[in-house]
């Protein structure tokens, strides 16, 4: 076929999971190509300007965009091919349909790692389609990547880590943030992130919801209200803010399109953000030779994405015939670090969820 | 601890994070295994160097120095414009509430800063455990 | 509005300025940035009006997924402005509904 | 469950049509759909009610009768099926194809189809988007289009209003035999006594009939399609190409071809739907039950379509999909009783004509089941026209 | 609160009310809602509204999110010009 390319390991997605997988597979000796639809590799790390949690292995204490730079540099140094502006438009057995330089072609690989990340959830309320209402990640892209403020006076929906971080970053970029609206009775994100924005004077309205957004042609005001025990708005508690930016930070969903197309088996898993492909401890799906890593295998954090990527990369290389000399030790170490990242009150739910996904994968394998 | 700055760690949750432990040249902060354990400070070994303040991804570490009836509170600061030494600013508490005017006595960066400034305010000793930042300029 | 100074990212790096035309009006853009960024920087927030209800829309996801920010670019409708870089002399139009397509011939 | 007069198995366009016309005649009908209405072939096809593509003979005659029913169907069903009497073109790419098309057309004219041959210049006047090299086209103002999904829903909703019970998520488990009759059907764990049973199960019919000793030559034939973004109206007609006719009636000519497009059986089937999107097909491939699209299939469809209508190249594809068409060796569906059974009927095997032939199929099957005879002769569609199972001792018919 | 007028599918401008009516008419899957309403069939192919629709389905039909399948995902993952899909010259 015209324009068809072949590699040993193909990785879809150049974020933390994908780059980490590529690096691990390359170090094991495989020829690796990473395809990424964006103009530059690094994924969401590129717009993260805060310092990361985790440990030294996860570049903790480094700012996200710097971690991206380091990973990309390491990949280049090791000879990983990074194909940016390249869309994986479909997967057909062990072949990716790609669009590169305005032309469709294929990229066949012995093994494939899908590391396509997650997408922001939408929220529906009257006025939610007005210009000025956007995903929190969208606002983050504009301010940190493109250096443009999409609004001057903002309100944030969602007090998870994403909402709290965006609030802080909007302040850093010079916007005013009038508050964070959270439907739950408590803040979902880390206390330290909440503390940062509280110190900066941003109130967090827990047990509140957005009633509507309004404006002539674009967002001008948003009305919120307190919620009662049953989650219904309390009459008389309405409060209206004159703003021009409403950021929605109401969770992420694993971006699993390609895994569905490939015929992977899935399981719905609330703590991981939705349907996730069943996968083994090595991150192999129910399609032999197809691996997953990062948010698309269950929404977590960049640090876990790096470790999952490493596991998937090692296993994908082994599948392609390149066993790292210390394969089992390396995998064991990565799993141990993953388990540590998934301990504590925030991580435990995700730990159990992943255990369950792996258990289901084993059940599938045994039934075969 | 009278007369020398000591770190105050306000990290209330078990989250997977240990750069403070790694940053401390004195080994005064311990997290260990698993990584989600909360940091413990050995105040006797703390020299108040501020490396942990700048390294903490949660901006949850402060320095407090108490002497006679005054105190100096150091906090991480990542906004523009930066205050200048000698400026009088509004000190704020954990909820961002104003706690009165305070003089800026130091604005510096350390090895672990990468953009994070350490701002030190002189405040009344009674407010040393209240003041945790300043109103943005 | 441009974020000229940033406490972490530093001053806005100098880049070449390219000029694009939006509904006949020339606006400056930073070379390589997506159309949507240039428009927001110029204070333009309504990118299109919808096909059925004629309602205004602007950027929503900023990563090329939701297609809410599409405009007619150099005569081609439905261009995702959040992932399409500016080019000198590019002609961008607010898209009304499905957009005006060039005659099929 | 109350015993219905007729159990219809399969909720595609044929099953819902049969259900509707039975209910319209006053029968108590139960429709069993194993997953959801229009979930298989009927939601993976174009919406052509095209007459020109039908082989001259009973096939075309049946299609003409069906087209007549479509005229008032939306009003009758009280459902917007997006019917448009837009006219159709069969594009002729090469001069060499002209004689064959002329013959094909004149036979159709003899049966009463309004169809004429246009020169390249004439057809480009009708559709300026056609490429300059196009040699000509046959044109029929009688060709129309509908939205297949809405036809399925329209039939089902109207049938339900007439009292039919439409059960989704009810796979047929067993046909219970009582002498020469189906005594009951077992579905969803329930044994349902039935007066008569109609299988409208398309590509799945052979596997249902095999245990009954009936060997039916229906084979799944994959058709891949590409959907574009919605655009304002850019073309007015529905389009086939002359190669489609060849792909449909002479697969043996294409199978040996070197050209990948021909090997995949690519023949143009193109329409701009009510929503503004273009539906562009299609391949015709025997690949078993594989319903995936392929990079090669997509590419060849797009190459073929953009060669004929070059301006399409500027449009974005937003979706590709494939459906399995119930192929029969003679291109005609099976309509009639299953030999050896008194109350078991078949309406399956329409290949790419399911949408076009649905109304007449529904009406004739209702007539057959409820009265024993039909207003249109169904001999040519008889189930036993190919060598059927041993116990039926069916007659073998030589097909044109 | 009557939120029938809220837009759920941003591309095809399909409201919550239209989706509710489709559910009442018998659409109990994402796939069926697409057929009834065109929600999820526009330019972005349901990449923004799919989850919202599944939530409405769960609320209205009492199914759990785990019982609801997200429907089919077909290539291409983004709009791709036909000019690109033509590929290289043969």
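In this document, chain identifiers A, B, C, D and E correspond to the written order of the chains, with residue numbering beginning at 1 in each.
Here is the rule we go by: contacts are C-beta pairs under 8 Å (C-beta built on N, C-alpha and C of every residue); 3 or more make two chains touch, one makes a residue touch a chain.
Every value quoted in this text rests on a predicted model; they were computed, and no experiment measured them.
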Intersection of the contact lists for chain A and chain C: B, D, E
Path length in steps (a step moves to a chain that is touched) from chain A to chain B: 1
Chain separated most widely from chain B, comparing mean CA positions: D
Taking each chain's centre as the average of its Cα atoms, which chain lies closest to the overall Cα centroid? E
Between chain C and chain D, the Cα-mean centres are separated in Å by 44
Could you put a whole-Å number on the gap between the CA centroids of chain C and chain E? 26
Between the Cα centroids of chain B and chain E the separation in whole angstrom comes to 50
What positions in chain C touch 2 or more of the other chains? 6-8, 51, 55, 57, 60-61, 64-65, 68, 78
Among the residues of chain D, pick out those that touch two or more other chains and give their numbers. 229-230, 293, 298-299, 314, 316, 320
Going through chain B residue by residue, note those that touch at least 2 other chains and give them in order. 78-80, 114-115
Mind listing each pair of touching chains for me? A-B, A-C, A-D, A-E, B-C, C-D, C-E, D-E
Chain C-touching residues of chain B, taken from the complex the two chains share: 78-80, 82, 114-115, 117
Could you list, by residue number, the parts of chain D that touch chain A in their complex? 292-296, 298-299, 320
Residue numbers of chain E touching chain C in their complex, please. 10-13, 42-44, 47-48, 78-79
Which stretch or stretches of chain A touch chain C in the complex? 37-39, 49, 63, 119-120, 122, 129-135, 137-139, 141-144, 146-150, 152, 172-174, 217-218
Mind pulling up the chain D residues that touch chain E in the complex? 36-39, 43, 149-150, 152-153, 157, 166, 168, 226, 228-230, 275, 293, 298-299, 302-303, 305-306, 312-321
